[in-house]
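Structures follow.
Below are two complexes that have subunit A in common, paired first with subunit B and then with subunit C.
Our next item is the complex of A and B:
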């Protein structure tokens, strides 16, 4: 088991190194000279020189890379070209809305998708299954902002139950905090739910065809324990893996949802950075988002032991 | 009678049989049929845009700002008095162009890298590490960030959407190649001296085509969606082009005043993506009998 953990951590570290190389190269091989882009049209040669030097672009590539990685390890992600604030500080300031939205979205999606997927698998081929699958395909196909504006129109403008947009930090009280999160997480959660329902359904169909399920049925167990205990336990690994890899989709979705609901999170920070071509901020967001994704998937891999004793008791 | 005369009918028979098999498959798979018809209608709308459009999609008319849908303007007008119906119809061209280009480009690059990775171990080790790294960066975030690097334009958008899609295609092709290359007929081909390039393209690639086509439809659907997100976020194709993403981006500030600017193109977009996804699901079930039997 220890071996397994160490190997997983090792491969995660390699992936992060590759991400760092990609992010590093991206900024440098782009068709435009970042310094020229930042300086604008009326820049003088001295301006360009100064910007190049501040970005470290005048050094040899390998030196630049090692220097940059060294600083990253020390927690120095550089500073914004515009506000001059450290990148990490900017990101930290936007963390609460983004993390809140991601957590509530995930909770909603997992709590709805797993039961729906199980019911669809159980009723496979019947109308319940078809209805669930149709809902999942539609939710997966319609753009986040259409779902979002639809919900805003219904629940915020017509019924007036919920606020139209914005974010309130938890420090302003849990009611304001939660009511502002309902519509964004519902919007984003529907997309995530669709993905997860499809995965749960197809895994469960596979598991329900196994011999031990037939054995459980033939010894007279009722539907509920078969579905939720015997079958779900064995379907858990692919489902948890989908949740993990779905994090990438979730992070992307958060960027869009934050724009729809005017939530001042990391997504908005990214868009601001991209429109201003604030390269250090873009780099920082890419690195940290990938780190979050990779670490969550590492935890997912490590959690396999919880579901499968064969992995838990692996000796070699 | 020459030998060509004798050969011709049997070739024809073969293709007719194949076509019947295909058409029967389509008829049996309702999702393929619905998806296909829906896509055909949307493609026709895009191609026929110059004839269908009731107004010039770029023409401004300040006297007709933010008008609700009416007989003159079926989908209403936007904040600059442009006709939303005409813009929506023309926007379909851009979305389809982006979707199809990304799907083709992803398939092309992905299959080349996947074939090589499946055949050569050293190449596999290097390329798969790069792909793992690319997959760790969330797709929309990567596409958005790449838009900051180059002059915004159609080509930049296509490339920015393609790069995050490539790794999945590479993985798919690689895994199929790894199974196929162990099969006896490949061994037989190698033993009679078939060279590697011919082996890859004539013997292995055709057998990897089915999953590639299915994956390409999903890539196309996701590309159409991501183009609209880039436009919506204001980092897509330059704003004067009437792409669906740009129309949605323009309509964003007026969503409470004039929902129709967003509603109609959004619906077209949703149905387009839905149709492509349905086609993909249907094709998967149809072309992969092993999976289809289970459902």
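Our next item is the complex of A and C:
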């Protein structure tokens, strides 16, 4: 097991290095210039040159890269070209909203999708199954921003039950915290719920047709232990893999949900940095996002052992 | 039993709903916090480092000025108590108001103001002209200083007043930082204090009332007069999505929407809880900027030809829609509604395709590609430019329209490369407020060739006329010279005026006292 984890950490380091090089080169060869954005609408050519000089953007690209990597080795991700605040401080300030949104979204999606998928598989071909599949298709087909605006119109503007936008940290109280997360989590979670429902249903249908399920039934076991003890545990690996991949899907969705609901999270930080060509922030966010993605994959790999003793024995 | 259970459920649900409503609905007690959504995210707080509008708006909250414009665009004393000009017009003496303090409690002195003017003059176009005419400063005492000129410059007070980029006063230690180093300390002497610890770029900026601020006694008039801070706290929230901002305003989660898209205006007007107000009597001038370095627009005939491809009414209809917010025609370079508005020398600005074709032919244009930069993320620029592009195509021009985001355009337009090597021939931009009304402060009018703004308009005769105008101290004579300047400008055509429109603001109807100051300012505002 330890060997497995060490191997994974080693490959993570290589992935991170490749990501660092690609990110650095891609954002610099792309069009745009942070100095032009900083200088504003009415800046002269001299203003731009002065700003470029003061930010070190006139240095050769190799020098800039080595300088960045050198600082990175010491844990320094640099400063925003705009606010001059440390990149890590900016990212840290945006973590709580994004982690909160991701967590509530996953909880909503998993807690609704798995029961719905199981019920649909159990009732396969009947009206319940068709209704669940229709719901999943509709939820999967709507773009996130349309769902978002629709929910805002209904629950925030018409019913006035929930706020339109914003984020309140948990320190301001759990009610405020949760009410500000309901609509964004629903918006973001519906697509993922649809995907996970379909995956759970199809995997469960396959497992429910296995011989050992027939044996369990012939032994007179009731539906609940069959579904949840025998079938779900054996269907868990593809479901857990989908949840893991779903987090990657979330990264894309978070950007839209954070924009629609004005949640100051990592997604919005990324968009702002990209539109303004804030190189150190883009580099920092993408590097940490790829690290998070690799770590999540590692956790998903490790979790397989919990569900399947064969994998546990192989890795140990 | 079943009935009791149902009752219990209903009561629980009601309590939960009440709890949620209490959490969601804003407190009804009179609070003095204004939540405003401004036009962009505040990332830079140094007004000499960036000319971004949001930085200037921030500066009006935390800094004060020596002079400020009134609604007739006349400079009026603000931090200055009294001033006089020597009979030869070469010495300006200023005495500051007593009792003014910086946000850290230290007194405002002449030395601070001199250092601030020096910093501002290194970047500001008017300030640079003033510096060239200056012999130096003299600090007489803590409250008095002098600006000494070596040659006449009739715009000293106008330059210090400015509008979009006035000389903001800051403590000497901050103002003396190198100009290529961005200041990060927002200490000023203005009516509000920035809470730097609460500033989160991309999220919000927070300002609180400055208890030490001593406003002038006069009522607020445009940017001049008493700046009475009636709010305890101003929160600038950054909401990038306009639909969300509108919903937040409708729901009462925010109080003030600084730059609503013009297609939202009718919807907001129909809501009794929202007031839509135009605070800027001049508005915004939209323009097409040709690149004078490369063919065809290095030939003034080709630039003149553009004048015959412009239908301002059609362009403004595309940009704004509602005729209440735009002028059907505004031919002057110097903002309709300003004292410098003139029709002198006007040619074109009506569509005449044949005339345009003839002028392009005279300019030697022979079907070479013309690179036009079209912004994909600036709908107003895009709309005006599309109208111009249609007319250019009708005139038989071979256009290479490149759709790019604005950040890319701002970088590309600064390049002096040939259009086929990454340069450009034409793009659309805009400028607003009283500054474009001045031949000197209008940065796109500057025709000093390599020293001019991107596009590098080049006309020595026009430059001489503007310099003479700046040296003239008699306002009546200066006004007469504007006609001559504009007549020359319609020959060399530094840019083409595509029309003038205003951008209204919107706020909750319980907000009172919004000052029509051209730029959004937060003094005098009350929340009832």
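One rule holds in what follows: the second predicted complex is superposed on the first by the 249 of 316 C-alpha atoms of A that agree within 3 Å, B and C clash if a C-alpha of one lies under 4 Å from a C-alpha of the other, contacts with A are read in each partner's own complex, and residues count from 1 in each chain.
The rule is short, and it goes like this: contacts are C-beta pairs under 8 Å (C-beta built on N, C-alpha and C of every residue); 3 or more make two chains touch, one makes a residue touch a chain.
A quick note: this is a predicted structure, and the numbers were derived from the prediction, not measured.
> Between subunit B and subunit C, whom does A:149 touch in the aligned arrangement: first, second, both, or neither?
Touch partners of A:149: subunit B and subunit C.
> Going by the contact rule set out at the top, does A:262 touch subunit B (first), subunit C (second), both, or neither?
So A:262 only meets subunit C here.
> If you stack the two complexes on chain A, which partner ends up touching A:21: first (subunit B), second (subunit C), both, or neither?
first
> Between subunit B and subunit C, whom does A:130 touch in the aligned arrangement: first, second, both, or neither?
Touch status of A:130: no partner.
> In the overlaid three-chain picture, which partner chain does A:80 touch, first (subunit B) or second (subunit C), both, or neither?
After superposition on chain A, A:80 lies in contact with subunit C alone.
> Between subunit B (first) and subunit C (second), which, if any, makes contact with A:248: first, second, both or neither?
A:248: touches subunit B, not subunit C.
> Report for A:47: first if it touches subunit B alone, second if subunit C alone, otherwise both or neither.
Second partner only.
> Touch test for A:275: subunit B only (first), subunit C only (second), both, or neither?
Both partners, subunit B and subunit C.
> Going by the contact rule set out at the top, does A:7 touch subunit B (first), subunit C (second), both, or neither?
A:7 sits against neither subunit B nor subunit C.
> Find the residues of subunit A that appear in the contact set with subunit B and again in the contact set with subunit C.
Subunit A residues touching both partners: 31-32, 149, 152-153, 157, 164, 259, 271, 275, 277.
> Write out the stretch or stretches of subunit A touching subunit B in their complex.
Spelled out, the residues of subunit A in touch with subunit B are 14-19, 21-23, 26-27, 30-32, 124-125, 137-138, 140-146, 149, 152-153, 157, 164, 205-206, 209, 247-249, 251-253, 255-256, 259, 270-271, 273-275, 277, 279, 282, 285-286, 289-290, 293-294.
> Could you pull out which subunit B residues touch subunit A in their complex?
Listed in rising order, the residues of subunit B that touch subunit A are 129-130, 132-142, 144-151, 221, 225, 228-229, 232-235, 248, 252, 255-256, 259, 262-263, 266-267, 269-270, 273-274, 277-278, 281, 294-295.
> List the residues on subunit A that touch subunit C in their complex, please.
So the residues of subunit A in touch with subunit C come to 31-33, 35-45, 47-48, 50-51, 53-54, 80, 82-85, 90, 93-94, 149, 152-153, 156-157, 160-166, 173, 175-176, 179, 259-262, 264, 268-269, 271-272, 275-277.
> Within their complex, state which residues of subunit C touch subunit A.
Those in contact with subunit A are residues 17, 19-21, 23-25, 41, 43-44, 49-53, 55, 123, 164, 179-182, 184, 200-203, 237-241, 243-245, 247-248, 250-251, 253, 377, 404-405, 407-408, 410-412, 414, 416, 429, 431, 443, 451, 453-454.
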